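There are two complexes below, and they share chain A, which is joined by chain B in the first and by chain C in the second.
The block that comes next holds the complex of A and B.
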C-alpha cells in the first residue's frame, strides 16, 4: 500500500517536473543568455556561461531608453487594467443585477467579441485610431486593448456577481443604498478575487502585446518594451545576448504583478469572501 | 409607532397569481405573525410591505400614509432576513451603522445609537468583529441590531430563526418577545413554524394559497379555528380531522377534535381503537391509533400513562370540544 503510494507520488512528481521544465528551461536559457557573449550563445545555448559577463545587463540598465520603454509599457498596461476593470465590472453588474428588455441579446452580442481574432481587426483598428488622431499616444494602445478584454472580463464578472446573495442587495436597499452605491460599496469590495484574476490577465496580455503597438506607435518616445527590443535586431546581425538580457529585465514586472495578484486569488478562493 | 393597512393587495408574477386580493390591518404596536405552509404568499406579502416588491394592485398604508410607491428606505420600516444578509466586509459596528450613515445621521448620534443597540442585544464585545467570526445566534442579533438602530415604525421579520438550531431558536424567541415589549413597536413576522406563531404573536394571520384563512389572537385561532385548514395547521400534534359520520352526523363534512380532547379508557368508549405507535415525550404521551370506519386518530395523554403499541383502547371525544366543518371547510356554529 505505502509502496504503491510512494511510486504514484514519484510518478506524479516526475510528471510535474517535466511540465515545469517546459516553462522553466526557456526562461532559464533567457536569463543565462544575458550573461553570455554572442559567440558563446551560438555554441552553448543552454548551459551555464563560461564567464559571467554582467556588462550586457549593465548596459541595458544604464540606457535611459530602456526605462522609457518600461515606463510606457507600465502606463499602458495599468491604464488598460483600470479601464477594463471599471467598465467591465459596471457592465457586468448591470447584466447580473437588472433585468431589462433585450439584456440576454445584448449580453450574447458582447460575448461575440470573444471569438473575434485581434490580428484580423488590426487594419480597421489602425484606420479608426488614425481618424481619431490618437496615433503615437498611449490611448492608441489602451483603448483597443480594453475593448478586446471586455468580453472575457464581463463574462467572468457577471458569473461572479450573480453569486452574491440577492438578500445582500435587498438589505442594503432597505438601508437606503441604491444600485450605484451598492456597486461601489459592496460589489467591488466583495469581488477582489475576480478583479485580481481579470486584472492579471489583462496586464500580462497588454505587457506582452507586440502587434498593436507596432502598428499604432511610430515614435520612439512612446514605444513599449517589445518594440524597444527590436533595436537589437540589425539587418544582418541580431544581438541575442542583449535581447535576452532585455527580455529578462522586462518580464520581471509582469511576474511581480502576477505574484502580488496571486495572493489575492488564493485568499479569495479559500477565505469564502462572500459567505456572510 | 404605526398601524399597517393593506387594502385590496394583489400580486402576480407573470401569469402566476400569488395573492389574489387581500385586506389586512396590523394594529399599532402589535406583534403580528403571518403563518402558513410554504408557497402560501406570506413572504411575498412581507416583501410588498417592505417595498422590495411592488403590488400588482391595491395600496399599502403605514401610519396612515400611503407608501405603495415609496422607496423602502422612506417607509419607516426595517427588515431582518432569514439568511441575516450581513455585509461580510464590514465589522459588526459598521453593519449596524450603515443605514444611519446613508441617512446622514450626525456621527455623535450614530455612535450613541449603535452603543445602545449593542447593549440591548449584548453585542458590546463583538463590535469590531467581522460577521464570519460570529456564531449563528450572534449574526442574527447583529441583523436585529441593524434594524433597531434605524428606529423604524415597523419591524419586518422574514423567517429569522429558521437557520438556527433548536436550542438557540427557543432562546432567540424569548429575546424577540422581550425586544417587542421593550421597544413597543409594530412587528410583522413571517414563519411557517406554528410554535413560533403561537408563542410570539398578539395576532396570528393564517394564510393559504394567497388568501387569509383567519386572523385572531393565538388562543382564539386555536380554540375556534374558522376553517378546517386552520384547524389542521395550528396545533401540534395536529388536530384530528375525521369524517362527520365518525360522530354520527351526516350533515357535517368534517369533524375536528384535538388530540388532548380525547378521553382514553381500557374498557368503554365511543371508538374502539388499536394503538399503532406510542411516542413518550416525557410530559406527554402521544398515541397514534387506528379506529375502524373512522381512520387514524392521534391522542395526547399525560406523560404518566403507559401504553404499548398494539393495545386496544377505547376513545371518547369530548363533545364540547368538537369542531364541525361544512363541505366548503368552513366552521359550522352548531354545538348541539
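The block that comes next holds the complex of A and C.
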C-alpha cells in the first residue's frame, strides 16, 4: 500500500517535472542566450554560457529607445486602467443602484461587447482614429482599449456593487448624501478588491496588446514595447543574443509584476472566466 | 429598495424627489462617459465594418465604389482564406484534444494546496502572463534552424539543420506547440479553481464506498467541474478565432501563406494593402463566427446548468 503510494507519487512528480521543463526550457534559453556570443548560441543554445557576457544586456539597458518603449507602454496602460475604472465604475454604479427607464436595455447593450473580439472592428477603428487625428498618439490606444474593456469591467463592478449593504446608502441618504457623492465617498473606497482585480486585468491586457498599437502607431516615438521589440528584432536579425537580451528585459517586469499581483491576476482571470 | 418607485406618490412628486436626491443628476453624470466611449469605439466600428464590407475602398475619401457582396465572394473563394480558416479549426482541435485534457490532468495532480503544488502551478501559469509577441519571439529562437534549441538537438542527434518554421508541412505544427505551451496553464487554473470547490465529504464518501482514484475523478470530480470545462472550451474556441500576435514573430503567415489565421489574414490582406472594404468583410465573418460560438455556448451551457 505505502510502496504503491510512493511509486505513484514519484511518477506524479516525474511527470510534473517533465512538463515544467517543457515550460521553462525556452524561457531559460532566452535568459541565458542574452549572456552568450552569437557564435556560442550556434553551438550551445540551451546550456550555461562559457563566459557570462553582460555587455549585450548593458547595451539594451543603455539604449534610450528601450526605455522610451517601456515608458509609452506604461503611460498607455495606466491611462487605460484609470479611464476604465472611473467610467466603468460610474456606469456600473448607476446600473446597480438606480432603477430608471431603459436601464436594463442599456445594460444589455453594454454587455454585447463581451461577445466579439477586437479584430472584428480593427479596420473601422483605424479609420476612426485616423479621422479624429489621433494616429501616433497615446490616445489612439487608450480610448479603444478602454472601450473594449468596459463590458467586462461594468459586469464585474455591477455584481460587486449590488452586494454592498443597502442600509449604508439609506443611512447616508438620510444624512443628506446624494447619489453622486455616495459613489465617491462610499462605493469606490469599499470596492478596492474589485477595482484592483479589474485594474490588474486591464493593465496586463494593455501592457501586452500588440494588434491595436501595430495598427494605430507608426512613429517609433510612440511605440509600445511589443512594437519596439519587433522593430529591434527586424534590425538585428542575425544577432540573436541582442534580441534575447531585449526579450528577457521586457518579460522580467511582467514576471515580477505577476508575482506581486498574483492574487488579483488569478482572480481577474477566473472571475472573468466564470462570469464572462 | 426603499428609494425605488413608490406607487403611493404621484408622478410629479416622484420626479421631484428623484431630482432632489440627485438621482437624475447621477444618471446623467455617471452613465454617459462609459456609454459614449463604448458606442464610439466598439459598437460604431462594428456597424461600420458591416457597411464598409460592401465597398471597394482604400480608406481615403468616402466609400463610393459599392460592390455588393463581391468582397465576401472573393474571400470565400480565396485559397489562402481556406487555409486560414482551416488553421483556426486546427487550433480549436488541438485545444480540445491536447491542451484541455493535459490541463485537466495537471489540475487533478496539483489542485490540493501544498507548497510544491503551488510552485508547479506558478511555473505552469508563467507562459500565460508573457506577452504573446514575446512568446512568439522566444519560440522563433527555439525553432531557428541555425541557432535555436531544436538546431542544437538536431546537431546532437546527427541530423542536418532543420528549419521548422520555413517548412510548409511543419510550420503550423510548431505554431500549435507554442499555443499549447502558452495557454494550457490558463485552462489548468480554471480547473484548479473548480476542483477546489468540490466538497471534500463527497470525495471522502466515494472513497469509503471503495471507489478507486480514477472512479472518484470520473464520477465525482469531473461532473462537478463541468461548468468550468465548458467555460474553458469556450475560451479555447474564442481564443482560437483571435490568434494573431504569436504568428507574426514566428512565421508572419508564411511560408507561402500556409500559416495564416483569420486575423493575420485580415491584417495582411486587408490592412497592409489598405483594402478596407475587403478587410472589413473578413472582420464581419470573424464576428459571425464569434457570435455563433457565443450563442452555441449559451444554449449548451444553460441547458447543462438547468439539468
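Just so it is clear, the second predicted complex is superposed on the first by the 205 of 276 C-alpha atoms of A that agree within 3 Å, B and C clash if a C-alpha of one lies under 4 Å from a C-alpha of the other, contacts with A are read in each partner's own complex, and residues count from 1 in each chain.
Here is the rule we go by: a residue touches a chain if its C-beta (ideal position, glycine included) is under 8 Å from a C-beta of that chain, and two chains touch if they have at least 3 such contacts.
If you're wondering where the values come from, they're calculated on a predicted model, not measured in any experiment.
Taking chain A as the reference, the larger set of touched residues comes from C, when chain B and chain C are compared. By the document's definition of touching, of the two partners only chain C reaches A:233; chain B does not.
When the shared chain is aligned, chain B comes close enough to touch A:189, but chain C does not. Residue contacts after overlaying the shared chain place A:125 against chain C, while chain B stays out of touching range.
Once chain A of one complex is fitted onto chain A of the other, the partner contacts of A:173 extend to both chain B and chain C.
In the superposition on chain A, contact is made by A:38 with chain C only, not with chain B.
Contact with chain C, but none with chain B, is seen for A:24 once the two complexes are overlaid on the shared chain.
On chain A, the patch touched by chain B and the patch touched by chain C overlap at residues 170, 173, 181, 273-274.
Interface residues of chain B facing chain A in the complex, by the touch rule stated above, are 50-52, 71-73, 77-79, 81-89, 98-99, 102-103, 131-132, 139, 146, 150.
Within the complex formed with chain A, the residues of chain C that make contact are 1-5, 21-23, 25-27, 29-31, 33-35, 37-38, 40-46, 48-49, 52, 59, 102, 106, 109-110, 120, 122-127, 129-134, 137-139, 141-142, 144, 146-149, 151-152, 155, 181, 185-186, 189-190, 193, 227-228, 231-232, 235, 238, 241-242, 244-245, 248-249, 262-263, 266-267, 270-271, 276, 279-280, 283-284, 286-287, 290-291, 294.
Residues of chain A touching chain B in their complex: 165, 167-168, 170-177, 181, 186, 189-190, 272-276. Those residues of chain A that touch chain C in the complex are listed here as 12, 15-16, 19-20, 22-27, 29-30, 33, 38, 41-46, 83, 86-88, 90-91, 93-94, 98-100, 106, 109-110, 112-128, 130, 143-144, 146-148, 150-151, 154, 166, 169-170, 173, 178-181, 183, 204, 207-208, 210-211, 214-215, 226, 229-230, 233, 240, 243-244, 247, 250-251, 254-255, 258, 262, 265-266, 269-270, 273-274.
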